[in-house]
């Protein structure tokens, strides 16, 4: 069935479908069961499936991550939810020393099917402690999968694939995507490990993660008006990474900007740039450019926050710079604006 | 004064000098005050400076990291020691949400002069939970400095610079380096943020971190016999990174292998390769090659462990492959061997 | 309590209350672009505890820090400047509501990650012991923070080292919308920490004189034999977890009765005390009027103040 | 206790002891390339506790897991194969001594990072409750693990949810070389957990019958009303923290007297019990002889066994 729904509804639908079809799936974490229901994404689960299959927890990220692991080792499929990815730093030990290793250390006897969902991205002055993405950090550890959906369809399909996957999957959802509406076909399966070309072009490839795809699509539209056809590749899964689609696109366009929703230094953007530079060596007309967060903690105040985050404008300016074009006058261009759509307090 | 001492003695000397010259410097952490004294590196500190300036703690990495932070904010210069970097995963929240941010969030009012020392690297079947390096992960967070000394002189000088630095510094020491002996000039200052050319050459640059420098130097010797002069650049500080020295060397040699003591994917090796590919674009004769850990958890058993870690041989084979040379017969070549030098139980 | 002392306490309570009521009025204009965790109902704890602290004491807190910031600094202009994200805020706008600090006044740090300032405060107390100074360190945290492992690690270490640190649990029985009963596997907070080698006390956080008596008692004992103290104060969170509104009608808790509201409102309750010890209604009115002007000025100044320049994005990262 | 039952317990104790004594003999040849944390003195706890467990129970442990592994699996050959890093070890040599596990026997995981299996065990217990099965989960950990925040988080959650999980603290009073007094800010372990909603008991871990009585008692109560239990057993670590040697002479602790050693050696002590209930010296000797052959065989087989092939490096990462 196809329907036009928001990303938050798509996530919710994926949870409902998986919980309906598999009684071993359950959702837990701080605030999953209250009336705000993780920005609506866990809405109705308690009513539908009962408090045993959707429950809040004490503030104990480290232990709750271990609990998810123990439940997964016992044949269940836990989904542990964090309202902010930053809080996962409290659980890095369970993630990087336990979850990612236990299968290996058991000689393959243990299977660990679990999902850690967390919200990333801008909100209402989220500050340095509520703004990390961390996908590159997670992907650095062998034994974990890392997924960053962008479209409602991918939110839906990739969450289902993640729940069905027999490995630990970190699933990161950008806060602003929640309000994006799109067609969702509830029978469409998207396996982990496949990138998607969101917009075709031959002048330049923009390899993007999460929200950066939205910005890139806008940039692509603006650039198209100048006759520049840029291709937007949504990585969708950071680990395993679909090298083929990414490399294929860059070989075609011979130009690449990596726009990652994270800090640049030692991040996933570095991986993409290194990979592309190596695999497309000789095909590139110019070096791969990296865009990402400013190399500072995320400030709270809006004017600095606007500078901290890369945007469609950042991408357009980078493309212009790389191609030696003059800066277009973009006054009056309607960019995605926060101001009109997103309100406080969180 | 110059003396021929081991890396462990060099670290110890640096601690003694700084503790002598500055009463606000103290050392704490699990086992810093016992008779094994972190493989000898904290030897004699209790006797010299008393139990207030060198003390053990409960097993509480998260809180102890916060304690270090609180002490640093109070005008002291704590050095918090971990016998294994893996345990720092327990403290990632204090490191990535607090230590790296508090100065920024205070508008520059707080100063956080502290050092987190941790041991990395192979030991006696260290396994998946005692073998992480994590320097790329730490360096990903703005607000932290990350240092990986290789030589006894750098162990000494960089530890002193780290203690004197007014920022949080993560200082990672490879276990095998402890036994390496070298000249140490106790007046030599090495500032953070400067790479070092350990071996000159014009055919290829090997950009290395920590123990990989030792392997690279050996590889350089072997390759020199075939007329290949490779340059070995020790990054020494991961963050801030000395781009100039690295890029300068690669522009000269036009060839580069990055040999990082960590996993490759989304690691520091990715950063180096991305950076070099960009800054040396057009100068490179071939793509930058990355070497590092195998993309799996570290196995315990020796034969697999030997495959997990990159070595001089790995580097030599990579160089041969890149230059299209035949594999040299290296039977009988005396590589660094663990077997003869390192014993259990840890 | 002397009238003068009581009126100065009252002034603090009123300042916090009015500042937060002003936020409630202004917030929906969407100019304060920072999440606000209001402390209406909790003012008595910061005001009471800080009233007892010797000069040179240092404090740490949470994202629910308005009361603490205003108690310790009295800096209304800086407060609003930060909430409006302006350069003249204590964090130049980089901090926002959740990270207010004023190291120059001893308010070292507050944090939006639950429990995270607890070990940092213990480190600050360790520094006092290390330097042989005897400053007191206080850390305020919510009841939810006790569920984080770092609380127990910090308590254990502080007790082991006999540090002069006051753990102040501001217990509203809620973590966002989760009730204590769904989060605690132990009988009561004071019993849970009872085996640790520190002083323990607690009471009704809405009752300022009681908070003061309780705090004075443990501070006295700490001065006789240095050890940490654990203080537990209950209070009613009158508003939603974050944001300017009430939320008694969304279903997870009931609206308090008029009597409960009056009893649990530390300002109203302290007004009774003031009248009891001989202050007049005019005295109180005078305080309120003066504070009102202060708050009005703070908001206006903040609204008109400049933002940080773009270059400020890059400053204050490293020393 | 019946003779037969007692002899089967004895067989387990002797197996563990002899296996570890064999390690002590062989280790300095540097063929077992894995750190060994020997449990000589601690055998009684795993053997006693596991003896009481209903079939289908699951266990978790630490790097000091030899006793637990051998108790639960009896698998001497696999044990030595893993220590020698061979393919036939339960972890194909990837695990080594610190990570022995045997999920097929209910030993789900052990870990070299202190405290880390505690929440995982709680998760396993949650799964029992979720599925409506009533298997018991046991997690063994050292006294040092109680200093990690995750212990408190796990205990809190298990108590909150009334999970059927047994927390077994193996207390040797040491964390590597650090004595309890330098690590604990609380009066005693059992007091520290007393306010949590679980059963509490404890005793001398060197006394196998006492361990069994104590465990049976709490298991019985758990079966009547499901709740976690916290068991505290003290024991003497006869050897150094890691490695095959004694270390009474390095300065951080004194050598126990002959009487203390005898009293604190669970094997010797249980031998007395065996004789008391009518076993003969020959019965014991027979057990020891049989075990000796088993251990000899295990070591020899392991020494001669093949290592994993290079391709094994890449297997078992993802499912």
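Labels for the chains are A, B, C and D, by order of writing; each one numbers its residues from 1.
Note that contacts are C-beta pairs under 8 Å (C-beta built on N, C-alpha and C of every residue); 3 or more make two chains touch, one makes a residue touch a chain.
Worth saying up front: this structure is predicted, and the values here are computed from it rather than measured.
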item	value
Chains touching both subunit B and subunit D, listed by label	A, C
Greatest separation from subunit C - chain, by CA centre	D
Chain centre separation (subunit C, subunit D; CA means) in Å	46
Separation of subunit B from subunit C, taking each centre as the mean of its C-alpha atoms, in whole Å	42
Computed distance of Cα centres, subunit B from subunit A, in Å	31
Separation of subunit A from subunit C, taking each centre as the mean of its C-alpha atoms, in whole Å	36
Sequence positions of subunit A contacting 2 or more other chains	57-58, 60, 62-63, 86-87, 90, 93, 97, 104-105, 127-129, 142-143, 295-297, 299
Multi-partner residues of subunit C (each touching 2 or more other chains)	91-92, 94-95, 99, 111, 113, 147-150, 153, 156-157, 160, 182-185, 317
Topology of the chain contact graph, where touching chains are joined (line, ring, star, complete, other)	complete
Partner subunit B, residues of subunit A touching it in the complex	62, 86-87, 89-90, 92-93, 95-97, 100-101, 104-105, 127-129, 132, 136-137, 139-143, 238-239, 263, 265-275, 277-279, 281, 284, 286-290, 295-297, 299
Interface residues, subunit B side, partner subunit C - complex	26, 52, 57-58, 60, 62-76, 78, 93-94, 97-98, 102-113, 142-143, 145, 166-167
Partner subunit A, residues of subunit C touching it in the complex	27, 30, 32-36, 85-86, 91-99, 111-115, 144-145, 147-149, 175-178, 182-185, 242-244, 250-252, 307-308, 310, 312-314, 317
Touching residues on subunit C, where the partner in the complex is subunit D	147-153, 155-161, 182-188, 191-192, 194-198
Residue ranges of subunit A in contact with subunit C within the complex	30-31, 34-36, 56-63, 86-87, 90, 123-130, 294-297, 299-304, 307-308, 343-346
